[in-house]
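Structures are listed in the sections that come next.
Two complexes are shown next, each including subunit A; its partner changes from subunit B in the first to subunit C in the second.
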Partner chain A sequence: MEGGRGDGRGPLECRATFLRTGVVGGATGSAYLEVGRSTRMVVSVWGPRQRDRDGEGSSPHEMQLDCHVHLPFARGEAEEAAGSRGTERERTLARQLEQGILPSIQQDRLKKCCVEVQCTILESNGSDFTPAILCTSFALASSNIPLYDLMTSCTLVVVEGRILLDPTAAELARSEDEVSLAYMPSRDQVTFVQACGDWSERSFKECMDNCVDGCKKMRAVMRSFLVELGEGGGRPASHSLDYFQGGGEVCDQGPGAGEDDAGEKAPMSGGDDDEPRREGGGGAARFEESRVSEKLGNLVVADQDLDAELDTLLDV
Partner chain B sequence: MVLVAESEVVCPGDKLGRDNEDCVSGANTHVYKGYVIASTLGKLVCEQPSKLDFGLDPGSTTTTTTTTMGEASGKRLPVVSIRAEGSKPGQGEESVGALSIGDEVLCRVKRLNPRYASCDISCKGNSPLIKEFLGIIRVQDVRATEIDKVSILSSFRPGDIVRAEVISLGESQSLLLSTAKDHLGVLHAKSEQGETMVQVSPTEMLCPVTKAREERKIAQ
Partner chain C sequence: MATTGEDVWVAGVRGNVRQDGRENSEYRRITIQNGTIEHAQGSALVQIGDTKVLAAASLEIGEPREGRPKSGVVRVTVDCTLCYPVDGTNWRSYDRYGKDLASQVEDLYNGPRGSSKGVLDEENDLCLAEGQSVWCFTIDCVVLSDDGSLLDCLSLACRSCLCDVGIPKFEVLETNEVGPSGPEITIEEDPNQYWQLQCARVPVYVSLGLVETLWVYDLCKNEENHCRSRLTFGVDASGAIKQVVSGASGTCVNYSRNVANIIEAACLAGRKLLSSIDSVDQGKDQHLFHIGK
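And now, the complex of A and B:
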């Protein structure tokens, strides 16, 4: 097995992703996401409706994004006691989702409005943040809420000194370092970074670049699903689940597929995935120092401590 | 040259062309770093402004700008916009129901107060909103003239359907509405008997059953 990952993927390959819209009746937009048959979630977008309460210190004219995450099958007795406010894990994830997805919404066109996002994670194998961002972004795109770009996300771990993209739960548990980011490919802006572990400047840049490449591939995948949805006359895009068996490697669109593809359709549908397209995936990580510093200029870092840590890293 | 063929499906973030060189940004698009970018999922519509538009409709800002830009470079630039799936031409100009200043809305009066009438806003233009918004028509915004003589009780009653304009997003929760134009005001009202009333004078409506007259600020 190349790279020695349990499921036969190369180190920089994502798991196959399946997306579908229109799964929740009555919602403005909704999406169902599966990653590699073992992470499943449903996101529904409600509104825009009028803001009903004043947010924490924000101006009453600003748009409000109300994210809720539900982990209905991850509840023990302690979690049941937490009641309707949700568990710590649910609330943390909701906050991260809100921070990650908000910059992609055109907030100036939704003044005094509230958009509500309900994310239900049915099954999870690996990072929760990345699939939640992807699924929410897909649901938003299907809801006709004005966006700047499709928000994409990628998680990467370092296991025994090797970089692994899109880790499974087992890989996550063995990992030394972990970084997740949310990224808008066509604007080249990073909107959310969460990193933990012991980083050197070089390894952090390398990981960021790999994450960004993963995000760009993800955008091409999402775009091809959306285009099909748009052409299907508004009906939910329905792909057969055979999709997973057809080569299983849908994330490999070659480098930079998300950049200038306005007129170009991502070459993936049904079962024609057997043809190998591995230019972007198996290859060594590419370093472009200038790109990284540009991206870091746009950083919105969730954690103040992380912010300080990044500064010291970049000053070296 | 517009980058995407007409009626092709585009999704948010797709580049459509260079702003003011290839095309001009229309509905559901925005401009970023010199490029016109799609904001929503839908089919691309390119509209070539014709000479007729320029001659007959100089008030339309989009057409005028386009033509001026186009004339400078010797050709006219198409206006690119995105039509959401399922909407007909002319409809779906705005992607979602967020209200902004200047929008005409339809609302139903909920309750009265000497200072203002509270309403539920249910339509923006002719398209229904996903959820109702709260609005108030203050006594000074009912009429354009003699505003000190206006009484809310002789202008609206609960249940009336009113056409109004958004004049401010307001400080608190409610939007501020105004009916201080001739075509704004009560469109449909029922009498105390529950009959639909008919207009008999600029400020009065008559119940066809009881012949009772009630005062309203009527849309002309």
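And now, the complex of A and C:
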């Protein structure tokens, strides 16, 4: 690997990600996410319920997505010093999360409803936005809320002229340019962009392309975790590997990706050994499994619908 | 069949007609008046159609930000409680909205975290004593009315009032490392000598509404309600992209088909907008923009 990334990753390599559903009992859906063992968060989805008549947001007939972000421990020294900056960060992140995730929900089927998302970031190393989107989308997929697609996300920075995917906090602090995207792969739609830096037209397009490739890789990882859940977790490794190679056209480092995958398995088994946690969500997890496979079915149907829709559009 | 207001609007955009008679690539009338507030060091009243923003810049000597010992500081506040119907406690949400807008414009001026310079530092030397004293600008904006494209109007107002700022010529005579209240500098001031802040490379926002494979410039409020997909680019006079943010309710860009065209459209608009603003004399302050293509 080209050096300089501290953790031995290549420039376009993401950290190993671990996802698990059914961690919050009583919620409609929930998910736990770990990225590279230094970013951890829990997202729970509540509802749909009737929306507040005078709530914030668009007209009272539309669906309302109510996002809350909590950062109980994951505060940098800067925030600690500034005191109130922590809540400012929570609020900004909640707004971004809402913007990013809303287009993936089939809002027409949830009119006048409110879906509540509670995101607790336990530990954070790098961008908060990207893992929050992944985890929320995964939690939504494990609930019964109708979606168009899994929402994926990726952050890219340019440090000393080099493009780096999935930066750590140290890399973020040194970044000259920074782009965060939320992207729905099966619809090929970018639903959220946040970028800051200095680009020409060409170089900005290049950064976007790299970021979208990162999102596509992340989709492969997320789908593999969904499939594991759907299959009851029988042979997780082989499945996730298949999916990873299935998305091979977007995967620059094939063998590297395989190793990555092995890396993901390690925390997975670690999680299973953790008895109390397992017992806590055991019943719920089994219940979720059937839902998830159902959900996967829905997703596939949605894809086909879209294809048909596209075909008719193209014919016209 | 067109049934709702949104459908009508989308059909209009396909036919390159909008409700107020503009084409998709046409801006509303933009008016910039400098010096509207007599006692401010720099001020501007900017109108895009019926969107009106009043901005005033004040100047002081302060400490630089951490990690940027030589660059100036820009702070922005936005008050948008005047332009919305406020009852009960919902002023809070507008208060927050104003803060969000302000932090976004601040980010535009300060650039990404890792860079050592802000936008203003590229052309101006705002450092008095490295690591101790730099020029600090506070831009206070009041939104008088919001009829869409508020960010565009805000960024134009900030840029125009910065262009209006005259900075006294100082000579730093002595720098003491430690004083009773932090570092001290001794300066000689000539009250009649001013230099004008150079703002040619200060970016402005260009907001695009996205409809299928088409894009629309300068949405008015009504159109913003119909158009959920919006993207805002911070673009400078050379067409360089400094910042990109999604619109209020998310953006749906059909990526592989559209993205190159949208980026190109935003850069083109930024270049044209700024070149025509910069080429207009102070006295003649009304222009109408048509981006073309």
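Keep in mind that, in the parts below, the second predicted complex is superposed on the first by the 213 of 316 C-alpha atoms of A that agree within 3 Å, B and C clash if a C-alpha of one lies under 4 Å from a C-alpha of the other, contacts with A are read in each partner's own complex, and residues count from 1 in each chain.
Keep this in mind: a contact is a pair of C-beta atoms (placed from the backbone, for glycine too) under 8 Å apart; a residue touches a chain by one contact, two chains touch by 3 or more.
For clarity, every value in this text was computed on a predicted model and none was experimentally measured.
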(request) Would you check which partner chain A:Leu110 touches, where first means subunit B only, second means subunit C only, and both and neither mean what they say? (result) first
(request) Figure out whether A:Leu150 sits in contact with subunit B (first) or subunit C (second), or with both, or with neither. (result) first
(message) Going by the contact rule set out at the top, does A:Val159 touch subunit B (first), subunit C (second), both, or neither?
(response) second
(request) For A:Ser142, select first, second, both or neither according to whether it touches subunit B, subunit C, the two together, or no partner. (result) first
(request) State whether A:Pro60 touches subunit B only (first), subunit C only (second), both chains, or neither. (result) first
(request) Find the residues of subunit A that appear in the contact set with subunit B and again in the contact set with subunit C. (result) 187
(request) In the complex, go through subunit B and note every residue touching subunit A. (result) 3-5, 8-16, 28, 30, 32, 37, 39-43, 84-86, 95-100, 130-134, 169-173, 175
(request) Within their complex, state which residues of subunit C touch subunit A. (result) 90, 93, 96, 100, 103, 107, 111-115, 231, 239-246, 248-257, 259-260, 263-264, 267
(request) Going by the contact rule at the top, pick out the subunit A residues touching subunit B in the complex. (result) 28, 47-52, 60-61, 104, 106, 109-113, 141-150, 184-187, 219, 222-223, 226-227, 229-231, 233-234, 260-263
(request) Report the residues of subunit A in contact with subunit C in the complex, numbered from low to high. (result) 56, 58, 91-92, 95, 99-100, 102-103, 157, 159, 172-179, 183, 187-201, 204-205, 208, 212
